[in-house]
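Listed below are the structures to be examined.
Next, two complexes with chain A in common: one pairs it with chain B, the other with chain C.
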Partner chain A sequence: MSQNPLLEIKNLQVIIGREENRVHAVRGASLKINEKERLGIIGESGSGKTLTALSILRLLPATGIIKEGEIYFQGKDLLSLSESEMSYIRGKQISIVFQNAAAALNPLFTVGQQIAEVYRFHEGCSAHEAWAKAIEMLDATGIPDPTRRAHAYPNQFSGGMAQRALIAMALVCSPKLLIADEPTTGLDLTIQAQVLDLIKDHVIQSCSSLILISHDIAVIAEVCTNVAVMYAGDVLEVGSLEDVFQSPLSPYSKALLKCFQIEGRGQQPYIAGKVPDLRFQYEGCLFAPRCEFAADICRNRPVLREVKPNHWAACHFT
Partner chain B sequence: MFSWLRESAIFLIRRLISIIIVLLGVCTIAFIITRMLGNPVYLLVGQQADQEILDNLIHQMGLDRPLYEQYFRYLGTVLQGDFGISRYTYRPVLDEIAFRLPATLELVLAAMTITIVFAIPLGILAAARPGSIFDRLCALISQFGVSMPNFWVGLIFIYVFYFLLKILPAPLGRLDATLRAPAEVTRLFLIDSIIAGNFVTFKSALSHLILPAVTLSLSSAPSTLQITRTALIHILSSDYIRTARAYGMPNRSIYYRYALKNAIVPIITMLAMTFGFLMSGTVLVETVFNWPGLGLYAVDSMHHFDYEPIVGVVFLSALFYVLAYLVADIITYTIDPRIRAE
Partner chain C sequence: MQAETPISIEEKPVLEAQSLIKKYRIRQSLTNRITITAVNGISFSVEAGETVALVGESGCGKTTVGKMLLGLLEPDNGIVFFNGLSLTEYKTKLRNEFRRGVQMVFQNPITSFNPMMSIGNTLIDSMRLRDDLSQTEKREEAIRLLQRVGLDPDYAKRRPSEMSGGQLQRVGVARALTTNPKVIFLDEPTSALDMSMRGQIINLLLDIQAELGLVYVLVSHDLRVVRAMAHYMLVIYLGQVMEEGTVEDIIQNPLHPYTKGLLAATLVGHVGETETKQRVRVHGEVLQLPADFHGCNLIQRCPFEKQRCRTELQTLEEVIPGRKVRCWQALDLSK
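Let's turn to the complex of A and B:
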């Protein structure tokens, strides 16, 4: 990680919810992503993957706040930008594809309109050009008969088509960084593969970077070059796909991978114990209560350090 | 294009059929109620009349026919707009209604205007910053408006603006007694006086209208404000608004274009409901302000055991209700493709 990273997250802490439901959802997560890298963030639900991604675009829900941390994009601290400066980053420099595309599209505007308006806002072109661009993007994302389909409303699209349209909208301004948050959840298996290929191909062709959030190791292995493993709001391991999947360092990564490798043969393995209650703060390693190697030293939180070249882990035993 | 026309036509025909069914239901209920109230002949001639006169009248009014025959005959006359003759004034009910409907309509339209002009923009602004001082102030005022009984507020208004401040006329009807109604075009005095170019009449009509209209709007404006606010807040937290934000769309377009268009559907539906509710809910306000409208007419008729006018007013209220819903349905149908898809 010697080159200047495209995006760097340092010690991100996010709190979400009100009063007794306040959850420390992200606890000092740190991440880097270089140009042309495709980083997969893997973790169980509630591990803070999505909130980390939403923090990059400063799109946390109303009850969520970034308590601490810095997020640098091309050297600029995104957290210090004004809302209007931020709106030139969103969609143009960094874009995002949400899960459940059907709900993510405005039901009262045609799909073409929604794509065209994003393009027009960022590129300042004529409405006519923007419309042509929208059709071009629908075509590029594999929507049949795009000239006609551009006039359709989201309710006239199937789930897979809506996801393609949303991808078209995210990519219309050729962003440097694309965030895809579980983009294939809820889609048919065959369509899942198509949508993943679409995202991967586009990112490769446009020489941009990708953050792919998923709880499915297979999805990440299919698309990404690098992996970050998150647990209970912290990043426990980062490295290249081969390093992390072939020789995982953190005990959590090892346990997680084991669950996937033996899948389908007899009894499904699982990690004993449960995720810590995120309403409380903890001094020590978050995984220690479930870790077979846990010892006294684990009462102090391990920091993410470079154990091998470009392979980082947060564990005292590596 | 033609398929669009056909779909719209099917939608309209369906709605019209359901309207006819509703109106038939209203007629039937009105028929049953008037029959249950007893033989109208006794009400008409009193207790002392001798049997021969009674039998004659019963035969004359067709009350000796089988019930189903009476029902269909009744249905036929009502659907032609013939609500019979008032047993108290001996004038056709339809004429009375035609005379009084514009007064109620003017009152309700004025109250609706006040509601739309004040409550909806306030609701929109309150939703922009939920929990702000402005939002709380709006909530407080609506709470206040809802908890005040209509007639009581009306009386206070009269006391303050007529009795104390002497800036508005006595609560007696739609115009000063010295003035004549403007030439009939719409029969709404405000509009007709403008058409006639009669400023004195306009001023008088307005000064008579303002208090009852404001009073009436108190039963519609607070709920309108709150529903507008709630609908917008709900929409602003939706996935598609987050999408618009995620792609950098400026706040102004997000709020006034993406969110507001989505809010129109619930707001229009609620306005239709409010209109129907006000059309049938003017009784107290009309009584307090001696407003010569339908509500007052219905109450007067009840005092005289005069049932034909009541049936007429009930039928008319139902008619306005369904018509308001029809208009709302057509508007939401053109705005929302999801409704078109159903």
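Let's turn to the complex of A and C:
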């Protein structure tokens, strides 16, 4: 990876929940993303991928705290910024598209107002200009009849259209980095394909970077250039899409990829065992209890290292 | 399967749907009511030990078909046969026999259990129709079923909140088996589960089917699950079958533009094969077509639309042996 990544996360640790439900959700995750890179983060539920993304924008829920770690965006330490400095980064430099679009939009304002508000806050233009920009963005994201639709309330939008509106809002200030957190979950297949095309085209056109979070390999294969595999709050493998999907290094990636390969009717592969209880601390490799190659050495936590050029894995056996 | 081999007398299908039609009257505004055809002439039949998959997006009518198969909804037209008898016959005298014979596994295991009831009692409760068992036998049967689906008998004491999604879905399968059914309706049985768990549930369902010769009706939008489980599939759009045939045939060579679009949106088979053969994109969203419209349902969404698609009613034709497609261009497009 090049010397100056756009975003760098170092040893991020996030704790969430209160008292006995306190969960160490992210356990030392490290990631880098370069300019024009489209990074897909894949992992099952509870692997800490969403919390990692929310940490970048410092939007963790009230019970969540960043215990340790550093996040650098264009060389700036995001975790040391004040709340007001952060609000100039959110939406302008780094934007996020949430999973459930209908819930992410404010039901009391029209879609146009919500997009215009973001633009006006960051660009300081007149309300009129901001409204025109909102319509332009709705048009660019493929909403039919945008002039009329800008006056509609979120409940008048279908799931696919609400997701488009949310993407329009995220892209209105042309951010350097777009984070999309499961942007197509809950959408129909044909709509899902359209929304992914939309995100990919806009990111390529505006030469920005993308972090796409998904549990679906098909979604990531469709859009991304690079992949990070997360498990139980840790990053187990990072590399280019081809490297990770065609010659995975970590046993977890291998097993997970196998779960997606369906050759025909009949018995399917799966990963035995279950995800570790994240309330507790573990010394060794987090995947070891489910790993077929586990040995004594796995009692020590493996670190993410560059096994092949630009292909990183956290496993003693690579 | 009806499309491939004509049914002989000894091979009667366990479940058969004949041109099911269901219309809903929905209110658009205070005074304006419109009729929507949710299911428009769907037919299929399944024999023991086989799985038929209904594939389609939300609003295509798969839930309505499911409700009609389970006898929860009266079709406006068409008949459902179970073991050679029509549902209306079961309604009058053999009601309980039908209810024992057809069971369901729900999509979301977390919400489909009574949170106040232990797993054991949930299973015993769903054996109410088993008048052949005493209370002790029911308890033993519940334990046997838990073991059959790969769970420890101790789980009978647990509440749903003390179990994971994958474990609960196993209980969901056990619950469907309590009445010794012939048919199980699977409504997206794996969509709420993690990827690493999905295979376990699929394998369990396949094992049970092979052992008991059950008929599965699988509803799913995930073509990977369909490929792993089903023999035969129907691709449904706006209440109509767009394409039907054996699963492998359709996945290897989809003929209808809509099926092509669905397949292009999923990676089926090899991971890393990022270049899908045909990148067909169905554009726009599901349209509510006017009642007097007589053309193809996929109008304005199909990338291959021609003038003829607007004016001509499309019929489901057997274009190659064993494959029916509702598109006049089907064979030209596959070249």
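One rule holds in what follows: the second predicted complex is superposed on the first by the 314 of 318 C-alpha atoms of A that agree within 3 Å, B and C clash if a C-alpha of one lies under 4 Å from a C-alpha of the other, contacts with A are read in each partner's own complex, and residues count from 1 in each chain.
Quick note on the criterion: a contact is a pair of C-beta atoms (placed from the backbone, for glycine too) under 8 Å apart; a residue touches a chain by one contact, two chains touch by 3 or more.
As the structure is a prediction and not an experimental result, all values here were calculated from the model.
**Q** Using the touch definition from the top, say if A:Ser158 reaches chain B (first), chain C (second), both or neither.
**A** Second partner only, chain C.
**Q** Should A:Ala62 be classified as contacting the first partner (chain B), the second (chain C), both, or neither?
**A** first
**Q** Which partner does A:Ser95 reach: the first (chain B), the second (chain C), both, or neither?
**A** Once the two structures are laid over each other on A, A:Ser95 reaches chain B alone.
**Q** With both complexes superposed on chain A, which partner does A:Asn106 reach: first (chain B), second (chain C), both or neither?
**A** Only chain B is touched by A:Asn106; chain C is not.
**Q** I'd like to know which partner A:His122 touches here: chain B for first, chain C for second, both or neither.
**A** After superposing on A, A:His122 lies in contact with chain B but is clear of chain C.
**Q** Which partner does A:Cys259 reach: the first (chain B), the second (chain C), both, or neither?
**A** second
**Q** For chain A, which residues are in contact with chain B within the complex?
**A** Residues in contact with chain B: 57, 59, 61-62, 83-84, 86-92, 95-96, 98, 100, 103-109, 117-118, 121-122, 153, 155-156, 166, 169-170.
**Q** Along chain C, where are the residues that touch chain A in the complex?
**A** On the chain C side, the touching residues are 57-58, 164, 166, 194-200, 202-203, 206, 221, 224, 227-231, 247-248, 261-262, 264-272, 274, 281-283, 285-286, 301.
**Q** Under the stated contact criterion, what part of chain B meets chain A in this complex?
**A** 237-251, 253, 258, 261-262, 335-338, 341
**Q** Any idea which chain A residues touch chain C in the complex?
**A** Residue list for chain A touching chain C: 44-45, 158, 160-161, 188-194, 197, 215, 217-218, 221-222, 241-242, 245-246, 255-257, 259-271, 274.
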